[in-house]
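Shared between the two complexes below is subunit A, which has subunit B as its partner in the first and subunit C in the second.
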Partner chain A sequence: MTVAAIELRDVSRHYRGKGSWFLKAEPVRAVDGVDIALNEGETLGIVGESGSGKSTLGRIAAGIEAPSSGHVSFRGAPYAPIGSALWRRQRRNVQVVFQNPSQALDPRLSIAAQIRQPMTAHGIEAGDDTVAEMLARVGLAGLGNRFPHQLSGGQLQRAVIARALALSPDVIVCDEAVSALDVSVQAQILNLLQDLQAEFGVAYLFISHDLGVVRHVSHRIAVMRHGRIVETGPAAVVFAQPQDHYTRSLIAALPAASPAARRARDGRQSASLSKVR
Partner chain B sequence: MSQATAPAVSDAPAKTSHRRRRLPVVMALCVAWLALAFILAVGADWIAPYGYAEQSLLHRLKPPSFLGGDPAYFLGTDGLGRDVLSRLIFAMRTSILIAFCGTLIGSAVGTFLGFVAAHFRGWVEEAIMLMIDFQASMPFLIIALAILAFFGNSFELFLFVVGFYGWEVYARLTRGLVLQANAQGYAFAIRTLGVHPMRIYIRHVLPNILSVLVVQVTLNFPELILLETSLSFLGLGVQPPQTSLGLMLGEGRNYISTAWWMAIPAGMAIFVTTLSVSLLGDWLRDRLDPTLRSAEQ
Partner chain C sequence: MTVDVLERQGVGSAGALPATRTPPADTAPAVEPVLSIDGLSVGTGNVDIVIDVSLAVAPGETLCLVGESGCGKSLTCLAAMGLLADPVRLKAGSVSLQGRELTGLDEKHLRQIRGRDMAMIFQDPAASLNPVQRVGRQVAEALVVHEGLGMRAAMHRAVELLDRVGIVNATSRAEAYPHQLSGGMCQRVMIAMALACRPRLIIADESTTALDVTTQAQILKLMKTLQQETGTAMIFVTHDLSVVAEIADRVAVMYSGRIVETGLVDDIFDHPGHPYTRGLMDCRLHALSATSERLAAIAGTVPRPAARPSGCAFRTRCPKAAERCETLPLPRGFAAGQTVACHFSGPAQ
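What follows is the complex of A and B.
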């Protein structure tokens, strides 16, 4: 059996909750005893409503937040303590793409300088042509001299993806990476991510509240609720035969592409409706 | 100052840059006065017609030349027959030098402590915040008087005391901005790339918060001129025969009914200089505020 890219075993993350003078503070269990593994080169989608702990899970998997208990390993080895020199070197292997690209980029640096930066920080030789190549790969050819406020949201997210790819990481954690974008731009970014996966073999931990988006990109899906994983399996199986009632309600709430598709999905209602017509 | 803002302006899209590049007339006057003050301060030895301690007892308390006084003394002379214009020029040099050095010390110390507090958090932050609260809750003039009265007066100590003024504002500002950048913004994102924190602070955070700090400098600078003048007026600042704007005011006080020209020019110089820097600061704050800037686009 191959070693997973990232493996979480019995991982929990508790925050200190709000207490009062009379009541002891109950810890908030953002993530509660999660076991999950991300294989090399695959896309694992994590879905759940807001507050379900999926972002915290992503941060723990990426190694930028420490779990309260449990083990996280990257290719079989644990992460170094956050902030240490070894931890900084490990960052090369796992990158994060955040929800809001305009907040993830330094407003005072050109796009090209921002893409070059992680490479210089890790001592990688980065000439102008390397940066130009990265820019071209994400569809931003010739825009390297622009500043963040001169680009659109979709272009900014492409720049963030280029910056993450500059270190040729094994894993990219996409934390609501397309949620802040227009639907048409979302599709472009998702296709870009899939192209890059085919080209570089990078694995994605794809976190989103949007079931449609997750279905579009994921090989496997894990459904989270209240800090626990309620269901996990291959994307097609989870969608075709959801086992957990929470997963079923999530899928039922998904808007369908056409009335016919909706009827096909919700079987029992469609029979009565077609009789009326 | 106008040159420093030029690069920020040129980043803006073409349609708004035309309107923003124009310097309002009042601002032009402020900049002109500050440039003049700077030239006078640097070139005092060559520009001033007399030395600041050069006495001529035969020409005591002469009124300004344009009010029928001796044509050799444009702003008249003081009680020891010293040329008021020359003394004013040297006084501006002293006052501006003190305010400049004080601002430099205060902003450097305050900004550094702000970064330290935001980086280490925990008890380091608590300790620095306690110092900030302590400094902010004490009337600074009393502290300054106590230090100068207790340790005696020297120019270096005076500079140190003036530099001590206002550091807590820089520290608090910097800490808040760095925490903000660390928590959710670009600094956090860059940290996850594996860049060393020191590099993030110097190359990313500092340039981004510099506009806020520059505005704070322009608010701090006039306060320091006023602090220097207050302390010198009370006799605990610059010592005679050296001169400063506050000292000139203090010396002129005794003659205010008979020889007003000893105090009034110094008072005017203080007024115009502090007003210029304050107005410029207000204007800069409007120009450099990122929220206002993004609203314009």
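What follows is the complex of A and C.
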């Protein structure tokens, strides 16, 4: 068996909850006993509603946050303590792309400088050619001298992706990476992510609340609820034959793909209702 | 009981409104429209952001306004509500609600109309609700202001309204502050506020965008049910085409400040006429009809109003663009009730 890029075994993350003077604080179980593995070069989608713990899971997988209990390993080796020299070397291979690119970029630095920064931090020689190549790869050729406020939301997200790619990581954790973008731009970014995966073999832990997006990009999907994973499986199977009732309720709540599909569904619902009566 | 509550509260004019939805067969509704916007232009200085927009919405009808961010959807709604703030101002056009011209009305008169005859629901309920006032009181406020009720009677009705929008334990929840309620609950409160005075028109600007899918499904269903009961006209702004499929009777697609296509929702989905509408349809992702193929993205982004290309604003991103696109295409009939502003749109087969 091959070693997974990232593996989480029985991982939990509890935060101290809010109590009051007569009530003991119950811990918030943001992540509660999760087992998942992200294989090399694959996309694992994590879906769930807000508060399901998917972002915390992403932070733990990226090594930015330590779990309260359980084991996280990167290519078979456990993450070193946060802040240590070894941890820094490990972190080089796992990058993160967050939802809001304008918050993820420094407003006072040019795009090129921000792409160079992680390379300099890891002691890698970063010539102008390397940076220009990264920019071209994400479709921002010639825009390196621009500042964040001069670019659109889609372009900014491309810059963030270029910065994440600069260290040629094995894994990129995408936390709602396309959720803030318009559909047309979202499609551009999803295509770019898929191209980069084909070219560099990077694996994605793709976290999103948007089931359509997750289905499109993911090989496998894990459905999260209340900090636990309620269902995992190949993307097509999870949607075609959902096993868990929560997954089924998520799918049932999806808006219709077209007015005709809506009428078909409403017809089925009223038919089954009248049967009950 | 639901209808009763609204019936008892109301001025008794419910009979004048059709109880069921009556989607008109043509873009110009046969019934007198609740709201009609004609030749609306909005902008700052010498830059026009919304240009020559005309819309009408009939009683009981839901019109969806669709387009990417920066296309002028929200500004069109704000202009309709008379909520434009400096430096953005109305440059031309008229907005009339039930035959009454709203442009040029002073703030005092507008304030009497807003909340009573037309109400707006925004995207982020947390930002729209007053964080230091109990939600019941916020719902009651509209009733005190517009219907001259005393606070006690208004609170009583506020609780009924909260119950009506599906808030369990409405009596105790009315005492809650917004931060004690979830996002979906807050949005229900916003809907209760909008419904309080039984307006003829509700404008919902991305009202379900920030919600989880299960909550969104509940809210959309709620809005549809309430609309069927009250015959309110609704303008629903969204960039999500599956929400459009759920809720719209008619659709208007906006691009860079102009309406580029209008039509009945089925026609828009079955045979979109404008390349932009087609592009939006193609890059949609739906969990139940996924393909492993590469997505058809629309290249580029919406131009800023100051840098809008001459002629058809979409030509810089359009796969069909040709020389004649440098002149502005006028909206023309495409299929029955469907209008498209594109040089290449012939009548549908």
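Definition applied: the second predicted complex is superposed on the first by the 257 of 277 C-alpha atoms of A that agree within 3 Å, B and C clash if a C-alpha of one lies under 4 Å from a C-alpha of the other, contacts with A are read in each partner's own complex, and residues count from 1 in each chain.
The rule is simple: a contact is a pair of C-beta atoms (placed from the backbone, for glycine too) under 8 Å apart; a residue touches a chain by one contact, two chains touch by 3 or more.
A quick note: this is a predicted structure, and the numbers were derived from the prediction, not measured.
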item	value
Fit or clash - subunit C, subunit B, common subunit A	fit
After the two structures are overlaid on chain A, angle v-u-w for subunit B, subunit A, subunit C in degrees (C-alpha centres, nearest 10)	80
Which of subunit B and subunit C A:241 touches, first, second, both or neither	neither
Touched partner set for A:109, first subunit B, second subunit C, both or neither	first
Which of subunit B and subunit C A:260 touches, first, second, both or neither	second
Which of subunit B and subunit C A:69 touches, first, second, both or neither	neither
First (subunit B), second (subunit C), both or neither touched by A:182	second
Subunit C versus subunit B, contacts on subunit A by residue	C
First, second, both or neither for A:145, with subunit B first and subunit C second	neither
Least C-alpha distance (whole Å) that remains between subunit C and subunit B when both complexes are overlaid	10
Residues of subunit A that lie at the interface with subunit B and also at the interface with subunit C	none
Subunit A to subunit C touching residues, read off their complex	49-50, 152-155, 182-188, 190-191, 194, 209-216, 235-236, 239, 249-262
Of subunit C, residues touching subunit A in the complex	68-69, 183, 212-214, 216-217, 220, 239-243, 245-246, 248, 265-266, 269-270, 279-280, 283-291, 294-299, 301-302
Of all residues in subunit B, those that touch subunit A in their complex	11, 13, 184-186, 189-197, 199, 204, 207-208, 290, 294, 297
Interface residues, subunit A side, partner subunit B - complex	62, 64, 83, 87-92, 95-96, 98, 103-109, 117-118, 121-122, 147, 149-150, 160, 163, 167
